[in-house]
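Across the two complexes that follow, chain A remains constant while its partner is chain B and subsequently chain C.
Coming up: the complex of A and B.
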């Protein structure tokens, strides 16, 4: 049975691979955002809320909005440079080798990290920690998402109108 | 942030999320929703600040941060004027109201988030929300200039964000917190002073770029000139003040608490303020485009605020905060009127305007009130804030700065008098022959703001008592 932490590692790795290997830039930007959300959850899990809030705010929030805005400004008919993608096909194999190596050599390190997380947790849940210490940042995230959705919609509307 | 101030951020945000659904087919509903939301917020904050009980107590019963409350009032005031003006101005210009008004409300929510946040990281998040919303607002109409202005605005303020993030990282490493109160305690204790001064320097650098202070002012004239006209008023009137100048004043309040080192930073701030006053005023004199001239004038006026913030005495902070409020009011009038002039005469080129007072008396006289206030003519509000800044400089022994500030105030008066003559008075131009006064809906915001400028000047003792009671005595001393 996969535990929560292992699931997060797996999800982050898969999303990161999808971000690099995707041919569609919008999919790549969304995969990158998903990677950042996963990394933020890993950081929360290791009781590093500040680092997690930074990751969530800047990488998952702001940078994704910027990427998606930029992608939405590009025209579909614009020609893209053809690129040799052979090396990207080798990426999952490379990731698998790193994962096996990490499983064998890095596991004690992850166990030690988990001990720190248990020590730092002191019975406080993720939700209460986030809500009590960084409530305003969460509201800022909601405002950022709202701004991003409105920006993308207004840019798409302008594109449809042929401006 | 306390619960009572949270409403000023949440209600416009909620309205912004609602408008695209309810006003998808009826654009008029978006205008109504936005204006009602902003008017309700303005009445609410107005009552909070000016209720008979508060006035009778000499503002001592106000438990909230006086600086934040005044800024929330200013944000709603400028937001309402711009929103109301846009309702008439935007017709036939290809503005998508179902997204324009929500973006305006998100900007208002983000600005309220900035001024009510009590730690640097939250402040930064809301500044970035504001930057994203402003990016789209600048491109609201169907002009190509807007896209260029938006890209310049974003690219040139991007390095500022990088400096702020680096500053936040150093602050977290050195102080372990972003909270204003905790930082204040750490500064008093004298712990990690050099690292903390370094982190505040990086934050200051970032916010100075966002303020458009010389030598980081290159993006302001292009962004203001290229933006959709009501958005220029919004940017110049309040957005750059909140995303940059507000934070500079906040940081300056911390710098004065350090015993050593940070004094140098305060001196640099004063010097940059003085250079901005001079460069902005001289550059404004050479412009022919009205919006570009107003943009340089903004650079000059922001210089006064930065100069006072750098001086960092209680009186200087009173002057800086009051000038911040005044600048928001008179710059909004001038930019909205420049849009009205462009609509009526078809140009912003001052060489092609002249004698506009005859066909557009309301636009002309509200502009004259705003210009005279900017130049510091009594009894208008701008006179009092400049007077306080100059007295604070003189009082603190910065006589050279005080004299220079006075001289450049005279130069401001000179270029505004020249501008008045070129646009409103003198010989009637061909543009003035065909132009006519804009509709009452476009005039109303400028008339309201002009009334605020006159009232703030005439009721200055109340303003001074508010600023002294809620800012100088609680935050500075």
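Coming up: the complex of A and C.
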């Protein structure tokens, strides 16, 4: 009998396949949002609500909006850029080969990895973890956000200066 | 418990492969960014499965950092994509030859 979490994993994988294989970019962006929603449900199931809320609001929300805006800007492009679809039609076959290969060869490796995952188990709240142990991560996040704003600003400013 | 962890890693590896294949097979920059997103979802699954066995708070902290970095990378990538489209008239990576020496 398939369990709830395994059903979610399957749904996430199928949505990811749909996002990669769909011909229309808008469908791909919406399938990607569905993948993010599935991952957020998995995170909720793992009792990680903060990460799930971030995933839901940022990945399923903001990134989808960004993708759809980009698609709407490039809408005229699509008919003129026909990719070779043969590679994408072959993807389910390759994914199936990897799935069967992983089931046979990778499973013992993944089970062995679980022993390593048990290291470093210390019970701390997320707040104390972020502010006490992972302070550099927060600084890194601020630096990354500043770098992102700078990139977007510089790319569009260059266009204005050119005019 | 090991079974649940192995299942998560199995699907994480599968998602990572799908994203990697998309990035390798496509010449469309937008599709490559979608592949990158799918790969990051696989990584996220692996992280939360590891975190659930050791330290969930640490895993959540790392995932939040990862999501923030992911959104910045996608935003910057899409900006460069729109810029490349306006400059070259296409999103084909093979046409991005303006930096060729």
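By our rule, the second predicted complex is superposed on the first by the 90 of 163 C-alpha atoms of A that agree within 3 Å, B and C clash if a C-alpha of one lies under 4 Å from a C-alpha of the other, contacts with A are read in each partner's own complex, and residues count from 1 in each chain.
Quick note on the criterion: contacts are C-beta pairs under 8 Å (C-beta built on N, C-alpha and C of every residue); 3 or more make two chains touch, one makes a residue touch a chain.
Owing to the predicted nature of the structure, the values given are computational and were not obtained by experimental measurement.
Touch criterion met: A:65 reaches chain B, while chain C stays clear of it. In the superposition on chain A, contact is made by A:139 with chain B only, not with chain C. Of the two partner chains placed around the shared chain by superposition, chain B and chain C are both touched by A:147.
In the superposition on chain A, A:50 makes contact with both chain B and chain C. When the two complexes are overlaid on their common chain A, residue A:93 makes contact with neither chain B nor chain C.
Once the two complexes are overlaid on the shared chain, A:105 sits clear of chain B and of chain C alike.
Set against each other, chain B and chain C differ in how many residues of chain A they touch, and the higher count belongs to C. Applying the stated touch rule to the two superposed structures, the overlap between the chain B and chain C interfaces on chain A comprises residues 50, 54, 58, 62, 66, 69, 137, 140-141, 144, 147-148, 151, 155.
Across the interface of their complex, chain B is touched by residues 50, 53-54, 57-58, 62, 65-66, 69, 136-137, 139-144, 146-148, 150-151, 153-155, 157-158, 161, 163 of chain A. Interface residues of chain C, counted against chain A in their complex, comprise 1-11, 13-15, 17-19, 21-22, 25-28, 30-31, 33-35, 37-38, 41, 44-45, 48-65, 67-76, 78-83, 85-86, 90-92. Put simply, chain B touches chain A in their complex at residues 1, 6, 9-10, 13, 16-17, 20, 94, 96, 99-100, 102-103, 106, 109-110, 113, 117, 119, 121-122, 125-126, 128-129, 132-133, 135-136, 139-140, 142, 165, 172. Across the complex, chain C is touched by residues 5-6, 9-10, 12-13, 16-17, 19-20, 25, 28-29, 32, 35-36, 39, 42-43, 46-48, 50-51, 54-55, 58-59, 62-63, 66-67, 69-71, 73-74, 77, 80-81, 83, 87-88, 91, 94-95, 98-99, 102-103, 106-107, 110-111, 113-114, 117-126, 128-130, 133-134, 137, 140-141, 144-145, 147-148, 151-152, 155-156, 159 of chain A.
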